[in-house]
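Note that subunit A is present in both complexes that follow, paired respectively with subunit B and with subunit C.
Showing the complex of A and B:
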């Protein structure tokens, strides 16, 4: 027989408000501790100065004040701006056409054999870990400055972005239709065309549009390393301290980027 | 004539097919137009670039220069630390903003509009452009890169945070209000516990993105591995480029693996 609780002693914790289990609590404390330790180490190793955050912010905004657009720069903006969009677009199309077969090679349910699947996955992982601007710098050195290295860079970058998203979608496709077609004697290609593709087409198209949006933003800055487009003009103007010209370029570029973005987002919303 | 056994797809499916078809035609036409109008370099130029560089490049890539390893290792850690601070800065600043931009907490949609607009505005500026401005305003170094990443991450994280807040279950909020809790209690005991795991997961995801971004911020003088890499690219020291690339890839892949494992546990 348990002894009755004497009057006046505090009742045990209300049953309605259980504490999370000890392991979960320890884990979240551990997580916080790791983040805090990382922050301290990073703070010291980069000589980051929190005070400079405020002076830097002040400088930043006063700098923005000097960006009052000089609209006469508009005359020279259009050609590089169109080139920027061309780079983004051609890069997306080429990247997509390389990515699609690779996606099916790298997905467990549509792969040819385990070895080519592993190779495709390793290739895609490496492609994905290299940022867009690095690709551009590499190809500017390798080919020649201009739109071409920009296009090649975005092609590689798109393959990385799309393959990751795409193979997750392909692998989560309903296996029923695949098995049905295989049972009826269809080969790998027909299984992909008739069982997998109809299931993933809408999502995949939406991912393609999404990587186009990423590429439009990326193509704006590719010119910083000599890979064509508006970035090149922007970089020259910056180096000449022509801040009002920079202001005009930035303003127009972002209106155009937002407009392209809006069209793409609208198309995506129609798809899913 | 034998009637087809396959029924015509319903109207809404046909509409979608038409839409996709139109999209595909537009895509092809645009592609051809772009190919025709792009300012291509002359083939001779490309050819000379390729013949001069491809063999040394491949040669260098398969023989990473071991002497560059200490430099690569050191600059990649700096890059990593920049990404940590940039992401944290972005997360700390995005946290309050996301509540201002969420349409379900502070008096409804119209009140959230300024916050949403601010987040879209911040997001449009690529971090490399912000980095250039910070370098011009505050001098070169990792601090410029960290601030650029922090500022840019606000846009992304704030947007996702506010989406998460808008998606919370209204039950706990109402329960605490019904029990007499004020706005602070509602916030602490109904909103925060619901959104925290999603927030943490997205901060980690942003960290993966920022690590890649930090690796190129050095191209404009904002710290990290980008600058040593760019210098070696320009001097075509391919064996050293190879070592730097290897370290970047190894770091990024490792961080991705760890981060995605933690994220899977969080949500």
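Showing the complex of A and C:
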């Protein structure tokens, strides 16, 4: 068997093979130049200093030393950890139940009428352009800090994620069965349940599991802005300089997130 | 009174394409009509005006004197549930079981909540199995639709249409994706069932020999107009050359004998 060509290595050019036209080559050099220039500008305007990375290395490693987990902290970790999972779970469930009807309203092949389709599309576009942390900050301010703003934030975030992934799936469903059911006198809802849902169910379920994965990770971070769960505990421990407690939280969170990912990835692989 | 009446039907598609340019036809109850013509002659459009999947821009289609063309909403859905339709590409939900596909034919008649929840009355379940038995594949009920051969899938399509207990059956190129022997088997099933149940049937075909073999009446279309209307005996090679607008080769379009 021939040696596989490493990725990124251009295929050997046969002698006398035509080269891309000059304009195309100039354009790709120009593109590279722009990328490099932007990097330099960003590097300088953020006062990023490579040297300090190295001078700070000693502090960095001594900090890691102090992170040696204090396992007695598990007593206070397990409850917020469960809360984190619950925030992610409830957020995913609520988000899904709002997202699905909206997706069907926003897809051309399952929409009610042009006006509600447009409204649903605008709503979904707005929802998916707002990141999870922004939602959390917003709802922590609106509602009291705790699990509730976390759940509401993840609900909206889930709607955004699912809308982005789901609407294309619905619109690319085979139109044949839809036509057949319409011809048989079925209305919109029954057509969705019988002709569209069976076609998209596996992909949709996989997207829902994927949003749960994202939500578990997001809900850890959400605590930093006061939205409950393990993140909030992590934040307070950091402020108390309780580094061995922080170490235990980080280790446990790491294992749990890894486990959720593994189970979800496995479940998704079974679906498709 | 005729069962299906096309009155000066014209269809202009949004792009400006005139698919039908004034078709008037009367089809008596129980007749098995085959429509022939080249692709683009307007056969599929004509058949879809019967259940208003395509709405005529002018003229009217009526079933038993009631206009389908002007019907909307629940009234239209009720009329559609009396019209079975089968398709060239079968249009089954491939990931669903055969039985669930056949039950879809009952959707027009069961209450909305049952349709959505999928809890069909026992009588409907029994009837769906009966429909599968009539097309000769009772043992396939719990198989996924995409596990069947093309001929079997089209039989599921016919069973789904039968599950509607229709008085009208529309078939849009039902055998165009099937091999010749299977085509004949499916066509004779369709004809037999139409006979037994007295279903008025309109079939689009572009195979001359099949049209002659199965039709009670042949309607020829060219360029959005009816250019031939007669019995299979009257549909000579000369007549077909006129419909197709060109000479017919000896072995052309003569599939499986």
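Operating definition for what follows: the second predicted complex is superposed on the first by the 236 of 272 C-alpha atoms of A that agree within 3 Å, B and C clash if a C-alpha of one lies under 4 Å from a C-alpha of the other, contacts with A are read in each partner's own complex, and residues count from 1 in each chain.
One rule holds in what follows: contacts are C-beta pairs under 8 Å (C-beta built on N, C-alpha and C of every residue); 3 or more make two chains touch, one makes a residue touch a chain.
Values in this document were obtained by computation on a predicted structure and should not be read as measured data.
A.B. asks: Using the superposition on chain A described above, determine whether A:181 touches subunit B (first), subunit C (second), both, or neither.
C.D. replies: The second partner, subunit C, only.
A.B. asks: Quick check on the superposed pair: does A:267 touch subunit B, subunit C, both, or neither? Answer first, second, both or neither.
C.D. replies: A:267 contacts subunit B only, not subunit C.
A.B. asks: State whether A:220 touches subunit B only (first), subunit C only (second), both chains, or neither.
C.D. replies: Touch status of A:220: first partner only.
A.B. asks: Looking at the overlay, what does A:98 touch: subunit B (first), subunit C (second), both, or neither?
C.D. replies: After superposing on A, A:98 lies clear of both subunit B and subunit C.
A.B. asks: Which partner does A:141 contact after superposing on A: first (subunit B), second (subunit C), both, neither?
C.D. replies: In the superposed model, A:141 contacts subunit B only, not subunit C.
A.B. asks: For A:193, using the defined touch cut-off, is the partner it touches subunit B, subunit C, both, or neither? Pick first, second, both or neither.
C.D. replies: In the superposition, A:193 contacts subunit C only.
A.B. asks: With both complexes superposed on chain A, which partner does A:74 reach: first (subunit B), second (subunit C), both or neither?
C.D. replies: neither
A.B. asks: Comparing subunit C with subunit B, which touches more residues belonging to subunit A?
C.D. replies: B
A.B. asks: By the touch definition above, which subunit A residues appear in both interfaces, subunit B in one complex and subunit C in the other?
C.D. replies: On subunit A, the overlap between the subunit B and subunit C contacts is residues 201-202.
A.B. asks: In their complex, what parts of subunit C are in touch with subunit A?
C.D. replies: 51, 53, 76-85, 87, 89-96, 100, 104-105, 107-109, 112, 115-116, 118, 157, 160-161, 164, 170
A.B. asks: Touching residues of subunit B toward subunit A in the complex: what are they?
C.D. replies: Within the complex, subunit B contacts subunit A at residues 16, 19-20, 23, 27, 30-31, 34-35, 37-41, 45-46, 49-50, 53-54, 57, 77-78, 80-82, 84-85, 88-89, 120, 124-126, 128-129, 132-134, 136-138, 141-144, 146-147, 200, 212-213, 215-216, 219-220, 223, 226, 229-230, 233-234, 236, 245, 248-249, 252-253, 256.
A.B. asks: In the complex formed with subunit B, which residues of subunit A make contact?
C.D. replies: Residue positions touching the partner: 31, 35, 38-39, 41-43, 45-49, 52-53, 55-57, 59-60, 62-64, 82-83, 86-87, 89-90, 93, 125-126, 129-134, 137-138, 141-144, 146-148, 151, 201-202, 205, 217-218, 220-221, 224-225, 228, 234, 238, 250, 254, 257-258, 267, 270-271.
A.B. asks: In their complex, what parts of subunit A are in touch with subunit C?
C.D. replies: Spelled out, the residues of subunit A in touch with subunit C are 174, 176-177, 179-187, 189-190, 193-195, 198-199, 201-202.
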